[in-house]
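The same chain A turns up in both complexes below, where it pairs with chain B and then with chain C.
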Partner chain A sequence: MQKIKKIINNMNLQKVRFVIQLFSFILFVYGGYFAIDLGSKLPIFACPYNGEAAGACYLIPFQHQLSMPAQILLGGAGIAVITGLLGFLFWFIFLNKGWCGYVCPFGTLQDWLTYLRKSMGIRYSTYSQSQFEKLSKVKYIFLVIVILFPLLMGVGLLGGEWSAAFCQMCPARIISPTLNGDFSQWTIDFSTKTAMVLTTLGILFSGLFFVGSFVKKRFFCFFCPMSALHYIFSKFSIVQLRKEGSKCTRCGDCYAVCDMQIKDIADNVTDVNILRDDCILCLKCVAACPEEDALHFDILNFRAFSSTKEGFEKRMGIKN
Partner chain B sequence: MTKHSIETPKEKQNRHKAMEAINTINTMKDEFKNPIAAMDAFYELYEDVYCKQKALHEDAIKVGTMCIQIPSEIIYAFDAVPIRLCNGFYTDDEIGSDLLPQKACPLVKATVGHFASGNFSDKPHFVYSPTTCDQKTKAGATIEGFGYEVIDVDFPRMKESEISREYFRQSIKEFTVDLSRRIGKKLTRKRLKNAVHKIGYAQSLYHKLCEYRKKEHVTISGNDMFFITNAFFFDKIDSWTEKTQRVLEELKQREKENITVAAKVSPRIVYTGSPPIFPNYKIPMLIEQSDAVIVADETCSSNRMFNDMVAVDEWNIYGMLDSIADKYLKACTCPIFTKNDDRIRRIIDLVKTYSADGVIYQAFAGCTVYELEQRSVLEAMEKAGIPILYLESDYSPSQGGQLSTRVEAFIESLKMKKRKQG
Partner chain C sequence: MVDFIKRDNNDLFKNPVFAFLFKNTRFLLLLRVAVAALFFYAIYYGFAYPGKENIFTGAVFWGVFWALFMVVTLSTFGRLFCGICPHGFLGKYITKHGLKKTMPEWMQNRYIGITLLVIGWWGIYYTFEGFWKSPFNTALMFGAMTLFAFILYYIYKDMSYCKYICPIGTLTRAYDKLSFTKLETYTDACKDCRTFECAAACQYNLKPFTFAKKNQTDDCTLCMDCAASCEAVKFKITKPAEQLSSKLKILSAEVWTYILIFASIPVSMGFAHGLNRSKIADEFIWNKTAAFFGMGDYAGGFAFLYAILFSLFFAILGLYLASKVLKKDYASTFTTLGVAFIPLFIFASLGHTLEMFFLKEYQTIVHGFAQGFGFNNVEVEALAKRGDGWLHYFKLFKWIGVIWAFILLYKRIKLIDATKFRKVLGYFFASLMILFYIGLNLYTGYVFSTYGAKSMGHGGHSSHGGKPAYLKEAGDPQEGRYTQTRIDPGESFYFSLTDPGMKQNRHSGYGFGGGRPGSKKEVPTQNVWLVYGDINDKKHYRSSTQDTFYYGLNHQEKPIIEKSSRGQKVLGFEVPGNGYYNLFAVDESQTATERFYKVAKLEYLRGMHGAEGIYDPEIKKVLSQNRTKIDLVRIKDKEEESFFYTHAMGDTLTFQALFENRPLANAEVKIALQSGWTKTFQTDSGGYVSIQLIRDYFPDWNAFDKRFKQEMLITLQHKQDNTNYILTYPATYYPNTNDYQSYGYALLLMTLTLLIAGSIIYRFRRNRTAPFREVRIDAKD
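Our next item is the complex of A and B:
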């Protein structure tokens, strides 16, 4: 047992993660070719506009269900919303935000753009603290759009052209099919004014996605409404990122490697649950922490991956 | 006919310093039980440098540093040698007393005195002085008066804020550019990476040594640890690594044979406060001569130098420089900072992980920041139920009687407590 623990704590996280991400990417972008269908309640941007996705992003049925006429929604259909949410939660509780850091094909794509930048010897950009604080709220605005716009449709305040408004803006709708050679989403819908604006935004966001993720690590995740939805339920997950403040020297190593620039991971020494709304649970912070057990990834109350000195030294390439 | 000559002031200083040095070395060699054979290499190093004035880095460019916050990684990356100039000699302290206020810190006085005498075995080509405590910050100008080039390096006094982080990252970049210009070399990614790894390896050795101090049977004394860590100020890094590896091998053997430096009832002490710097090991020696053992310390001449390691995400020059800057600022528990909960947390954590029985907090008379922080640390220890003794001392060889009474009484009380608990 002790031995297995040591092997895990000493692992090369970057490699392990790369393999898992590659596998998930193939599954969720090309899984259709293998006739895999994991349903439509997935807590990741596996976009069904790509015909070969092995499942669908939960935000799609979520928006559709909420847009039902109010009297139907308040009647029996409300149950469908609840069961949908339960379906989403069923997947979510197993990995928490690990869905973002390990499974989401859209996240993986950003990491690959990061590899590309790295291989070109270009340095990443960062936000200043005040930019970070402002931008970090954008995802909640998108989440409000996801929830509120369909409800407004239901009571008749918004017309049918607002259907799945977020999807119309979402870069995953445009980029995911592209990965399968389908470029048909790279168009602007001129049928109505609303559709035109929304789809134009979509194209704009897609362009931004490539440019942004090239210069900034996990550029899109800051704005992702799925990430915001995750955070609401993150406490109910069986996996957690925890910190023992007494062991933390606040050296800032974890912050230095954090793709999402989460400051609390280094500076907060009072909270045990250190998972923040921007976190993608990639566990790079645990891998970069040189203090024994100061940061640990827990499955229920079992420490599945802990920070250790030995693991740190191995991963940083310090010869032994 | 024998030739008589009058001793020059420089020779006289060297003779006095050699006496101080050999006194400390000999006490170490003779007065403690179960000495570590591999430590002889370290004692020899101190004897060579401080008694025989042997130069260790004749051909290298020597970069003097006035404080711990000047990153050695960057200096090594330019193939230069960092020499930390914090000084522990009473002889130099006396020279410095004429140049600084009477109530100034002995460490700063000794450092300034050292420059005033110009008596170096490895004379630094230029000196970087971070703006840490008031006395060191101001000492730079005095030192410059003796014909040395002193370059001030911006260092913030607050470490919680994001501004400080940005500020020190910028400061380190400017330090790097300045150093590159002076040395006439360009910093390369590969060299900096190697230097980060080299220091990281030295740190990993320190941590391995500390593992032996966590155990029930302590195989290495706190004073020997101070000798080892203090040698990192001036020794050749590869030679330091080799010597330390040999000590580690011997400790492994000693553990098997159950050779310890302390008895079972010997109280285990965490040492904190103003840094003990060779040959001023007055208090640490007093502690261990009174049958206690220092199992850990929270000082800038030892633990603070080695404890925290640099982590880098993308190994490009700017990525590394930022990570280095963060480590030297954010992890630092120096009392110059406005608030210093980190230091208190560190001490409590050391007491827990090293199963210590008490803390001894020593401040140099005149080391204002440590004197100021004494109150908050004492309060915190009381709250945590950890016995603590606060001492004030200086570099003078007298004063021993009163200090030893207090240290012995504290250790005796810890022992009584330990006996009662069985």
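Our next item is the complex of A and C:
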């Protein structure tokens, strides 16, 4: 047992992660060719506009269900929303935010853009702390759009053209089908003013996605409403990222490797649960931590992956 | 006494607006005088105009104060109701000049007030329907209470009437714990105080400087006399019901109030106004008991009694068992856990009152006040109509109350010292009353969906309709709206996916018509209607001779089910999965000279997101059947390869006409679009005909709607052996995506975004990395 633990703690996490990401990218972009269908409650941006995805992002059925007329929604059909949410939670509890860091094809795409930038020798950008704080609230605005607009449709204040309003703005709708050679979403829809504004924003966000995630790691994840939805339920998950503040020396290594620039991971020595709303649970921080057990990734209170001095030295190539 | 204090951010008195509203003595005096004047004027008005034409008295007492103002303030700022109450306001002056005796022990009993409220008010309310609707009764009651109160104020000191006798004094004291404000003092400033101005100013003989430590405000009515006497008094904002998450002393009278008020309002309403309006009302025990005693007219009173009995049973049994399980004495468990029932009543009432306010009370209040003050020409509309979508959200309130009650119970049980297992068990028992309330609501829903509502014969208390609005509408018989006209035997009929009797609503695009979402076991069904006439003016086709059947996913033949919905005959067929369904209806008729063989066909493509099944080319296979003599088969296009395929303008539809399963040449095929455009084609030798859907939709840019679904009807006619064979094939189509989706603009925008964003980043980075350049200043200049 100790041996296995040692092997895990000493492993090169990034390689493992790359393999998992590659696998899930193929699954959630091309899985349809293998006739895999994991339902429509997935907590990732596996966009169903891409006909060959092996499952669908939960936000689509969520928005559609919430947009039912209010009397139907608050009648028996409300149960469908609850069962849908339970389906979403069923997937979610196993990986928590790990869905973002390991499975989400859209996140993977951004990581690959980062590799591309790195190979071109261009340095990356960061936000200043105040920019970070402001921008990290944007995802909640999107989440409100995801929830509120369908409800307003349900009570008749918004028309049918607002259906799945967020999806019309979402860059995944435009980019995911493209990965399958389907360019049909690369359009601006002039059917209504609403559709025109929403699809224009969609194209705009897609453009910004390419530019942004080229120079900034995980650019879009800051703004992802799915990430905000995750965070609401993250406490119920069986996997958690925990920190023992007493062992932390505040060296800042974890902050330096964090793709999402979460400052708390280094600065906060009081909270045990260090999972923040922006976290993608990539576990780079755990791998980069030189202190024994200061950061650890737990599955049901079992330390599946802990920071160790030995592992740190091995990964850093320090030889004693 | 403190003259100046640096106020915390969560202190409402820090904000000058709130300080004015809650603390300014002149404003408060003015407000109280105004309220008292309104109060006495309404009583006077009730005596002066005792008949039904007086809506002012009711509007003041039952429109504004009780229920609306009460529940809204109790759940937000606390006992503001008491703060402006004319009894308390005038009582203070009366007490000042009164005898100042101590109230005898037997009267210092809060159960007097509770009993007065529960029996005297709610008991009468349910037993004698409409008793309090009468302005005279209302005025009499308030007049008598006022007189009684003033006498007690005169005799006894310390506002004892408010504390013990007032019917709603204990109620407001009990329920203000839910609010998100709390009156207390800056304890640091109070430490050195030896003068206690706050306590001296308090006419209720309370000690405001102890409120912070006691974690509650006792009988404080928020009169703010203490705040005027000393600056150290604060009115702080807390989390809602924050005080309940730590220890505080709760009187058992308060918990009794929670239980009894819960029984008298939400539960009794559920019995007397909710369940009593279902078709099986006579089956309920209170109505049976009333019938047994021969007091059917007072059945409401029995409903009230049973409501109290049921609630008491669940509350007392639950708390008793909880105390046993937790190994604590009953009295302390009762007060510690019983307080968790607070939100049940407040939220049920809040939801109901607000809904009623928008539906009706707003109008009543405005009209009532207009009547009271002599503005005869004021006419306002109600703020909402029954059936407005957003009103349904008020029905969620009671569920918020239920959830909050569970959360509060969890917080309260944490304060009890016991093992985890005992706590879990105790939690279950203590929540019995909450579970009872959930059960009541679910049962009511079940009763109405299974047995339906009684036809509304009695008015009386329509303002307290416990019945959901949609049930009322659904109950209306809609027969007779369609005049039955004789249908010409040669008139062709066709399938329609929309109910010709219903107004088209904007959500018709979604498949909410059939089946019950959520229940997986039931096979969903899709409704169809048989209609005739113009597409824009469909009429129900009624014939007893027609033969209806359909072919499902595996081309198996099944009968179409006939059912009735809203008093209408509706056809339904099962749609277990995604794919094509072919529906047929055959009707034969005869006139003196001709025979008619009419077939209505519908090819229905079901596409539900998340449903199983893969679109493989197999399912495009042509259905061959020989039950109908004539058939029109649509030859599916190669591009048609998803369950979500729709026809679009510009598409070409190809059909093959068949007669007794052989190609039918030279038959007439007519297409009629919703816009009115028609054209007739002839089938070729193979029975084929190709029809291109014209682009006939050129509205203003503003009115353009790509989701504008248009219908068309294709009719195949063939005459043979003096028999007219007519087949109808309805379909829908949409504007073509190419007509409104632009790749060019998208590409332009994308390019611009990439260029602009890229260059901004580039510039920004270059500026930041620009090498330091020394600035030299030439000494000569």
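The definition used in the following text is that the second predicted complex is superposed on the first by the 319 of 320 C-alpha atoms of A that agree within 3 Å, B and C clash if a C-alpha of one lies under 4 Å from a C-alpha of the other, contacts with A are read in each partner's own complex, and residues count from 1 in each chain.
Quick note on the criterion: a residue touches a chain if its C-beta (ideal position, glycine included) is under 8 Å from a C-beta of that chain, and two chains touch if they have at least 3 such contacts.
Fair warning: this is a prediction, and the values are worked out from it, not measured in the lab.
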item: Chain C versus chain B on the shared chain A, clash or fit after superposition; value: fit
item: Which superposed partner A:R250 touches (first chain B, second chain C, both, neither); value: first
item: Touched chain A residues, chain B compared with chain C; value: C
item: Partner chain(s) touched by A:Q129 [first = chain B, second = chain C, both, neither]; value: first
item: First, second, both or neither for A:N12, with chain B first and chain C second; value: neither
item: Which superposed partner A:N273 touches (first chain B, second chain C, both, neither); value: neither
item: Contacts of A:A195 with chain B and chain C, given as first, second, both or neither; value: second
item: Contacts of A:F312 with chain B and chain C, given as first, second, both or neither; value: first
item: Contacts of A:K263 with chain B and chain C, given as first, second, both or neither; value: first
item: Angle at the Cα centre of chain A, taken between the Cα centres of chain B and chain C once the superposition is applied, in steps of 10 degrees; value: 130
item: Minimum C-alpha separation between chain B and chain C after superposing on chain A, in Å; value: 11
item: Residues of chain A defined as touching chain C within the complex; value: 35, 37, 39-40, 48, 51, 56, 60-61, 64, 68-77, 79-80, 83, 125, 154-157, 159-161, 183, 186-193, 195, 199-200, 203-204, 206-208, 210-212, 215
item: Chain C residues within the chain A interface of the complex; value: 387-393, 395-396, 470, 505-507, 509-510, 512, 516-518, 609-610, 612, 614, 642, 701-702, 704-707, 735, 740-743, 745-747, 749-750, 752-754, 757-758, 761, 765
item: For the chain A and chain B complex, residues of the former touching the latter; value: 118, 121, 123-124, 128-129, 245-257, 263, 266-267, 269, 284, 288-290, 309, 312-313, 316-320
item: Of all residues in chain B, those that touch chain A in their complex; value: 160, 162, 165, 197, 200-201, 204, 207, 307-314, 316, 318-319, 322-323, 326-327, 329-331, 333, 342, 345-346, 348-349, 352
